[in-house]
Structures are given as C-alpha cells and as structure tokens.
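Both complexes shown next keep chain A, but they swap its partner, so chain B is in the first and chain C is in the second.
Let's turn to the complex of A and B:
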C-alpha cells in the first residue's frame, strides 16, 4: 500500500462515517447535512493529523496501520451517533484529542528514539500503580472509572492506560532481564546477585499492582497476566509460561467464585442468562437479543433497537453493531481487527531488537486480546468479560490508548526500517 | 423514506466497509504473508564480509536500497583499494535481493562471474568487490 493510498483511506473513512450518519438521520425521516459533514471532518482531521505526524516523525513506518483503524473508528462513530448524538460529538473531540496526543508523543520520541528510556522502567511502574489508585480517590471509590459530577459523560478509565503501561513495562523488563526469565528465575551467570534481587523486587511490585487491578477489574487483571505470560514466552521460548498462564486462568475461574461474590454472580449469569434476564443477566441477555435481531444483514442504521442494550456505546458496542449491521457487519469488524493485529505482528517479526519485538508483539496482542475478550463476553463465550473495544467503543482513555498503541507500532516500524 | 431504499443503502454501507477492508487485507497479505522473501532481516537479506584485510566478520542487513563503495558517500564503506567510491548497489526487491554494478573499473563478481546487468541474489551467493568477498546470509 502506497502513501497516497493512506490519504485515500483517511478520506474514505470520513466518507463512510458521513454516509452512516446520513443513513441514521434518513431512518429518522430527517435530512440533515451538518452532522454528516461533522462526522466526515472529525474522522478525516483526526486520522489526517495522525498521518501527518507519522510522515514527519516516523516516515519509514508501514502504511498499513492507519487504514484498518480508521475504518473501525468510522463504524464505531456511526454506532455511537445512532445511540446518542451528544455522546458522538464528545467522542469526536476524544478522537481529535487522542490523535493530537499521539502526534505529540511521536514528536517527543523523534529525536532520541524508543531506545532512550531515561530512568528505566521504574517510572512506568510507578505510573501504573498511580493509575490503579486513581478510581479509589474519586467520588465513586471502588469502581474502575472516574467521572466528574459536573460532566458525567467525561469518564476516565485508568485501566485502559494501565494495560498499555504494563505491556511497555513487560517489554523493558523481559528485554533487559531475558537471561533471568529464560532460566526460570534461577540465578544465572550474566546476572549479578544484586540484579536478581531487583528482578524479584520488581516482580513483587508487579504483583501488588496486579492485585490492585484485580480487586476492581478482574478482566483487566486477566488480560495483564495473560500478556505477561505470552510476552515471557515470546522472550524466552519457554512454554512453561503459557502453561502457567493457562493454569492461572483456570484456577481463577474455579476458585474465583468462592473469593468474590461478584464473580460468582457473573459465572451464574454466564451459564444461564435467562434465569435473571431483568437482573444481573440483563447485559448478556440483551446483547444476545441484539445479535439475534440483527441476523445476517442487520436491521440497518437507525432501524433497530440497540438502545435497549445496556452499555451499548462501551462494553456491548459489538452487540449494537451486530443488531444494525448484522453478522455481515460483525464479521467485517473482526476482520479489520485481525488485520491490525497481523500488521502489528508483522512489525514485531521484522524487528531486530528484542525490546522492539516484545513491545510491538505485546501491543498487537493487547489490541487483539481485548477485542477477542470483549466479543467473547458479548456472545457468552467467557463470563462477563465484555469490555470496550479500542476505536469502536466510546471513551477517552480507550481512544487515547488505541492511538498511542498505533503511534508506538509506527515508531517501532520506522526504527526497524531505517 | 421508503423502507426498500433504506435497506438498499444499508447494503451499500456494508459493501463499502467490505471493500475497504478487502483492500487493506490484500495490502497486508502482500506485506506480511505472501512474500516471505521480503521479511526484512530474514534469510537472504543480510550480508557478511568473509574475506577482507580489515573488515572480516562485518555484517549488515539490506533494509532499503544501499550503495557499497570506498567513498564517504557510500552507505556501506568497503575498505579496499580496488573498490570504487560508489561501486555497486544492493536493492531489496519484491522477490529477492538484487545487485547492480555501478560502472566500477575493477568490476563486481557474483560466484566468480562478472556482473554486467542487475542480478538476483540468493542465500549463500558470494559477492567480490576488489579483494573483498561478501556472502549473502
């Protein structure tokens, strides 16, 4: 794909969003040009800005990153607009803000590159720990998000940023201490005892951060643990990490219900959502109803009832897409995700530095893993793990994390090509 | 708005998404899976100096078109009195790495044969520039 083709894609995604918004308004028997024009401008400006930043500060990056993300963002924008116009206009601002922030990040690393990490990985760990602590400081202590009373739609979900920070942290830790992890934690010659102690201290701290995450958001904790196991496998080629991760997941499913009442309810609902369709089973049941109503080709934008699905702009956005675009729409959304992940793994495979490999591989895995877990939660394959999907769902933290992941992948791709 | 038109527009929207994703898919397939030769840093894209007075063991990957030569403008400097300033050009093409002599008086040799046109290189080929010998790894 050539660079001009990228520009075509950016414009096409804007056009797609405008077309979708027009369809929603037509279904409401309204002909309004302004919302469609605004949708076009938001998508074209956000991804156009990001494209300009990549050309300026990561010019050798693969041109395959932006197209799939822009298509997903267009479909997501139309779905959010169909459900809540005010939320869509906020989401437009989040897209623009996220694109600007990731462009600034690309500028910040353009001089010294990704290899320069200043004080190592301790600042990242401190940031992750701080982000985990944020929700408990807010008015709704104990939840996984922070909202402002004056602007309830502006929600900050630090968990989204924590996942990204953790992947960066794992990449640095595994790249710098590859020998330690390859030896399965035993003392190895290239590592002096002092360094081994540092590794154990860091693992302990990671554990504490994970417990902090797990208390509020077990799905995020599962993703973070899974990420570590797969990335450790990527770094060391030791399948014990995969087996360990799988074992921990099974143990969590078996022992979790005894430890947490919330998890017990989730598993009960997962095994039979129809016994309590108006209670805790409401999310899963309505999501399944939405997908069933969509059937093969969907009801069409503005013609279904996705507003009956709870959290349809965030965690259950896949069900809302399924209702109005049908199986055809959900398949193409998953295909776009798969292409983003494949592109990310392509970057990881080409990378020569271990840190770059792990960072690109880990972030691709994060994108794919989050989409898979979200969809699995919506269709009932996993208990209550429905979580928002980057680029498709509404959310500032989520959109920001999505754009930053793209920016990091672009930077790795650039540094490996020059 | 008649329902039939809305249904038709719905199909057009989904078809457009498919069209765009299909275009991305073909581009990704070209880049990632379909041509493993193009995997940078993979077999056949790197060179090692195997015989030289001063550069034995020097390794480099060809990630973009590069020029070998003894001059300061060459991308990879060959420390050899018989090498021209800009001696030969290596290019990671679609199918394989290619080599082109840039009109050097002493010539460039691949597996002992003088290069007169653009030649495709394979893993294990040896390239001779002056007294220096490089091997495709």
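Let's turn to the complex of A and C:
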C-alpha cells in the first residue's frame, strides 16, 4: 500500500463516520448535516494529523497501520454517537488530543531515535507506580478510574496507560538482560547471574499480582502478568515462562473469587449466564442478546437497542457494534485488529535491535491481546474479561494508549528501514 | 528471537479464528433462540411496536388491528375496536403484562416474521410471505354484542354454541375490562386496579378459568379442565344431550388467513372422546319447557325450549343458570347463561335474570338467521 492509498483510507474512514452518524439521525427521522460533518472532520483531522507526523518524523514506516486503526475509530465513533451524543463529542476531542500527543512524541524521538539507554525511559517506572497507586486511594472500592466530580464522563483510567508503560518497561528489562548475558561480568554481584534474574523476575511477578488484587483491577493485573510472561518467552525462547503465565492465570481463576467479590460474581455469571439475575449485572447475557439481535447483517445504525446493553460505550462496545452492524461488522472489526496486530509483529520480526523487537512485539501483543480478551469476554469464552478495546471504546486513556502504541510501532518500523 | 515471535503470532491467529467461529455461532446459529429468550429485554420492546395480524369475527367484523403509532414513527399500536365486549376472548397483547386470550394462543401466527433473523432472511429470500396473518373467530358480532348488552353489569357469563360443530357463537364474561386501556398510557395503573379488584374482571367466567390455559394453539378448548357448571360447560353438555350424546369439541378459531386474505388453514369440527357430565344434562334437557322468545314472529314460531334454576357451582358460589336451544328439533344454537349476582356487587344469584339474558340472545340469533346460517 502506498502513501496516497493511506490518505484515501483516512478520508474513507471519515466518510464512514459521517455516513454512520447521518444514518443514526435518519433512524430518528431527523436530517442533520452538522453532526455528520463534525464526525468527518474529527476522523479526518485526527488521522490526517497523525499521518502528517509520520511522514515528517517516521517517513519509512509501514503504511499498513493507519488504515485499520482509522476504520476501527470510525466504527467506534458512530457506535458511541448512537448511544450518547454528548459522549461522542467528548470522544472526538480525545481522538484529536491523542493524535496530537502521539504526533508530539514522534517529533520528540525523531532527533535521537528510539533507544533504551538514553535514560529517558526510566521515569516511566515511577509514572506507572504512581498511576497504579491513584485508584487504590479512591474511597469507592472496585473503582478503577478517576473521575472529576464536575464532569463525570471525563475519567482517567490509569490501567490503560499502566499496561503500555509496563510493556515498555519489560522491553527495557529484557533487552538489558540480553545485553547482560552477552556482555557478561558487567554486573559483578556475588550471586550467579541466572539466580539474579530468576529472583528478580519472581519478585516482580508476585508484586504485580498483589498490586492487581489491591487495586481490584484484576483484569489489568492479569494482562500485565501475561504480557511479561509472553515477552520473556519472546526474548529467551524458554517455554517455562509460558507455563508460568498459564499457571498464574489458573491461579487467578481459582483464588480470585476468594479475594474479590466482584470477580466471584463474574465467574458465577460466566459459568451459567441464563439462570443468573437479569439486568446490568449479567453483562454476559445482555451482551449476547445484543449480538443475537444483530444476527448476520445487523439492525442498522440507530435501529437496534444497544442501549439495553450495560457499559455499551466501554467494555461491551463490541456487543453494541454486533447489534447494529451484525456478524458482518464484528468480523470486519476483528479483521482490522488482526491486520494491525500482524503488521505490528511484522515490524518486530524485521527490527534489528533486541529492544525494538521486544517493544514492537510487546505492543502488538498488547493491542491484539486486549482486543481478543475483550471479545472473548463478550462472547463468554473467558470469565469477566470484557474490557474496553482501543480505538473502538470510549475513553481518553484508552485512545491515548492506542495512538501512542501506533506511534511507537511506526517509529520502530521507520528505524528498521533506515 | 524471531522463532518465538512467529509462534506467538500463530497462536494469536488461531485465537482470532476461534473468536470468528464463536461469533458466527452466537450471531447466526443461536441468534434466533436468543431473540426468543423471554429474559431478553428486546422481546417485549419489539412485540409492542411490531405490526400484528387482525382478529375478525365470523361475519368479518374487525375486532383487533394494528395501527401506526402517531407517537412513535415506524411503530404500531394495537387497537381493540369493541373494547370490553370481546375482552376475554380476544384478550390483549401487552409489552408489560403479557398476552391473553386469542392474542396469546395465536401469538406466533399474528406476529410479523419480517425481521432480520437468520430464518427471516432465508425465508424472505425463498419468497415466503412474512406479513402477519389474520385470524377469523367463530363468534358472530351481533350475537356477541347482544349478549354483552343483555348481561350488562351483572356478574356472570353467556356462551352460545353451534351444537352440530362445537363453534362458539358468542362468549361474554362480566364484569369485563377495556383491553385498550392496557396498551395505552397509564396501563400500569389500570392493570393494578384490574388485578386487585375483588370482582375479578380479568377472569373469564364463561369457562371459569383463563383462556390461555384452556385454549390450545389449534383454537380448541380443552374441556377436561373446564368447570362443568360454567356457561361453556352447560352449553356443551346440553348440546350433547340434544344429539344423543355426541359432544363436539368447542372451538373459537374458524380459520387463519394470510395478508392477501386467502385461507391458510381452517379448524374442522371434531367430536370429543369423552362426554362426562352428559347424563345430568340429559335429565335437565328432558325437563325443558318452551321458552317465549322476543324475536319470534308468524314465520318463525317460538320453538325454543330451555330450563333454568339455581345451583351451587364448582367454584362454591351459587349461580342462577339458564339454557335454551333453538329450534327445538335439530337446534342451530345452544345458549347458556350463568348469573352470579344481579348487579354490580349487589343482589344474589338470579334465575330470572339468566333467563331474560338467554332469551335476548336467542332472539338475536333468530333475527340473524336469514342473513347468516352457520355452515356445518
């Protein structure tokens, strides 16, 4: 795909959003040009800006990343608009803000290139620790986001940024460790090197699980632990890490219900959604009802009842897409994610530096893993993992994380070809 | 390092495929089942706004129809044109309180199948007619209206049967209710008043039970559960007594028509296997005496015969009852009336009131005869 094709795709996604918004209004028997125009502008400007930044500061990056992301963002924007117009206008601002931030980041790294030795990455550790700590200070147990009292829709979900930061951190850690293995003798501690790394990792793993339980955002904790295990496997080719990660997952399923009442409810609902009490608590059944209502071709934008689905703009947005766009829409969404993920892993495979490989591979896995776990949670393949999906769901932190992941992947892709 | 990355991509690819397969299951294969699931909140929402077929009387008077909802573009609302007259037979279809009567018994026929379910799309492609079907009842509008008017606000019931076929020609229960009030605004308030009323306006006294349980999807009534001393119980047994014990199964649905008014199916008369309680009816029938019917004239002598009395009913409540048949030989109608109280809340069981209601219904039938003779 060439650069002009990329521009065409960005315009097409703007057109898709505008068309969808128009259909939503038509379903309400209203013809309104302004919201459709605004939707086109939001998508075209956000991704146009991102495109310009990539042409300026990462010109050799693969052009396959932006089309998929822009189509997903358009589908997500229309779905959010259909459910809540005010939320959609906020989400439009988040898209623009996130695109701007990732463009600025691309500019910032354009001078020195993407490296882990500059020291600039290490403040991320402090940032991650701080973000994890914020929600645990909240009075409302189980709340995993921070909300402003005056504007309840403007929430900061630190978990989304923590995941991104943690992946970057693991990439640094594992790259350092490889360097340590090759250099040898640089760390002259009395303990044998293998022991050092094993202990270090075990403590890290345990700490993450405990932090996750403490903030009651067990899904984020699970993803972080899983990310570490798979990235360690990528770095070392030792399948013991995968076994360990799988064991941690099983442990989470078995022990989780004793530690968290919310998780217990989710697992009970998961095992049998049809006899559990109806209503917003039974997210699995309500989400499946939404998917079933869409059937093959969907009810059409504005013609279904996705407002009956709980958390339909965030965790269960996929069910809302399935209701109004049908199986056709859900398969397109999955295909767009698959394209982004495969492109990301392709960047990792071609990258020359270990750090770049791990960073691109980890971020692709984060993107794909989050999409897969979200959808698996909606259709009931995994218990209680229905979570927001980047680009599709409403949210500032989520959209920001999505755009930054794209920017990092684009930069790695650019450097691998220079 | 590329080896493990490739394997991770492979696993993710397999997971994506599994998700597509699972989504296909939920959105295509299991979708119809989920859409019908009573716990699905969409079931009630779509039912209230969808077009449903018409319900007609035997003489083609529209009793219930769907009209475009002026408040909600694209949606329909149900209209019951004669309100309380047919309340217990036609019933109602409510998003909030469920379906009753014929609306419940034939819910699947009356519903539009024009939707986006997998089966709906496939049937549409195959050229099936998915528009809602209409149902013709065996009730005659004039007879039904006369019965309702004659019964007035007494607590009781009237049933008129064609003894040769078992067709129910009229079925009225009092006190009644207006089904339109259950599909409009304030429906919840009306429903609460109806369910809490000591008069039991929702009960169908003609069969001493509620229609959905007694009315099968074929449109016939299961008599074994029917109170033998309800109006329908008396009418069907008297009808059997007049035909040497051949008891026809009473039924309400004459036929089903598609949107182009061509007949899809019709209900055929069917004799009952067992005729319990028939001997008692036979002795009462034998004691019948001529009944003076208002509608009689020179051409049509008052050939009606009937009987009346006061009896303890199965429900433990004394009732004044009346039955009359016309003509006395080879009757075309059997009318049974039960009156529990001669007025709203006051007066006891009244044999005289039952007899006067019965005579009015017989007279209306005799008036109708030249224009409409029931087949069979």
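One rule holds in what follows: the second predicted complex is superposed on the first by the 367 of 418 C-alpha atoms of A that agree within 3 Å, B and C clash if a C-alpha of one lies under 4 Å from a C-alpha of the other, contacts with A are read in each partner's own complex, and residues count from 1 in each chain.
We take it that a residue touches a chain if its C-beta (ideal position, glycine included) is under 8 Å from a C-beta of that chain, and two chains touch if they have at least 3 such contacts.
Bear in mind that the values here come from a model prediction, so they are computed numbers and not experimental data.
Trainee: With everything superposed onto chain A, say whether chain B and chain C fit together or clash.
Mentor: They fit side by side.
Trainee: Which partner chains sit in contact with A:62 here, chain B, chain C, both or neither? Use first/second/both/neither.
Mentor: After superposition on chain A, A:62 lies in contact with chain B alone.
Trainee: State whether A:234 touches chain B only (first), chain C only (second), both chains, or neither.
Mentor: second
Trainee: Go through the superposed model and pick first if A:9 touches only chain B, second if only chain C, both, or neither.
Mentor: Touch status of A:9: first partner only.
Trainee: Which partner chains sit in contact with A:342 here, chain B, chain C, both or neither? Use first/second/both/neither.
Mentor: Both: A:342 reaches chain B and chain C.
Trainee: Report for A:297: first if it touches chain B alone, second if chain C alone, otherwise both or neither.
Mentor: After superposing on A, A:297 lies in contact with both chain B and chain C.
Trainee: Once the shared chain is lined up, is A:29 touching chain B (first), chain C (second), both, or neither of them?
Mentor: both
Trainee: Just checking: does A:332 make contact with chain B only, chain C only, both, or neither of them? Give me first, second, both or neither.
Mentor: A:332 contacts chain B only, not chain C.
Trainee: So, A:354: does it touch chain B (first), chain C (second), both, or neither?
Mentor: Only chain C; A:354 stays clear of chain B.
Trainee: In the overlaid three-chain picture, which partner chain does A:394 touch, first (chain B) or second (chain C), both, or neither?
Mentor: After superposition on chain A, A:394 lies in contact with neither partner.
Trainee: In the overlaid three-chain picture, find the nearest pair of C-alpha atoms across chain B and chain C and give that distance in Å.
Mentor: In this superposition, no C-alpha atom of chain B lies closer than 8 Å to one of chain C.
Trainee: Which chain A residues are contacted by chain C in one complex and by chain B in the other?
Mentor: 29, 297-298, 326, 342, 345, 349
Trainee: What part of chain B is in contact with chain A in the complex they form?
Mentor: 1, 6-7, 9-11, 13-14, 16-18, 20-21, 23-25, 27-28, 30-33, 39-41, 61, 63-64
Trainee: Any idea which chain A residues touch chain B in the complex?
Mentor: These residues of chain A touch chain B: 1, 5, 9, 12-13, 16, 19-20, 23, 26-27, 29, 62-64, 67-68, 71, 75, 297-298, 300-301, 303, 325-326, 328-329, 332, 335-336, 339, 342-343, 345-346, 349-352, 416-418.
Trainee: Under the touch definition given earlier, write down the residues of chain A that touch chain C in their complex.
Mentor: For chain A paired with chain C, touching residues are 29, 230, 233-235, 237, 274, 278, 285-286, 288-289, 291-299, 305, 308, 322, 326-327, 330-331, 334, 337-338, 341-342, 345, 348-349, 354, 357, 361, 365, 368-369, 372, 375-376, 379, 381.
Trainee: Help me check something: in the complex, which residues belonging to chain C touch chain A?
Mentor: Checking each residue of chain C against chain A gives 1-6, 8-9, 12-13, 15-16, 18-20, 22-24, 26-28, 30-35, 37, 39-42, 45, 73, 116-118, 121.
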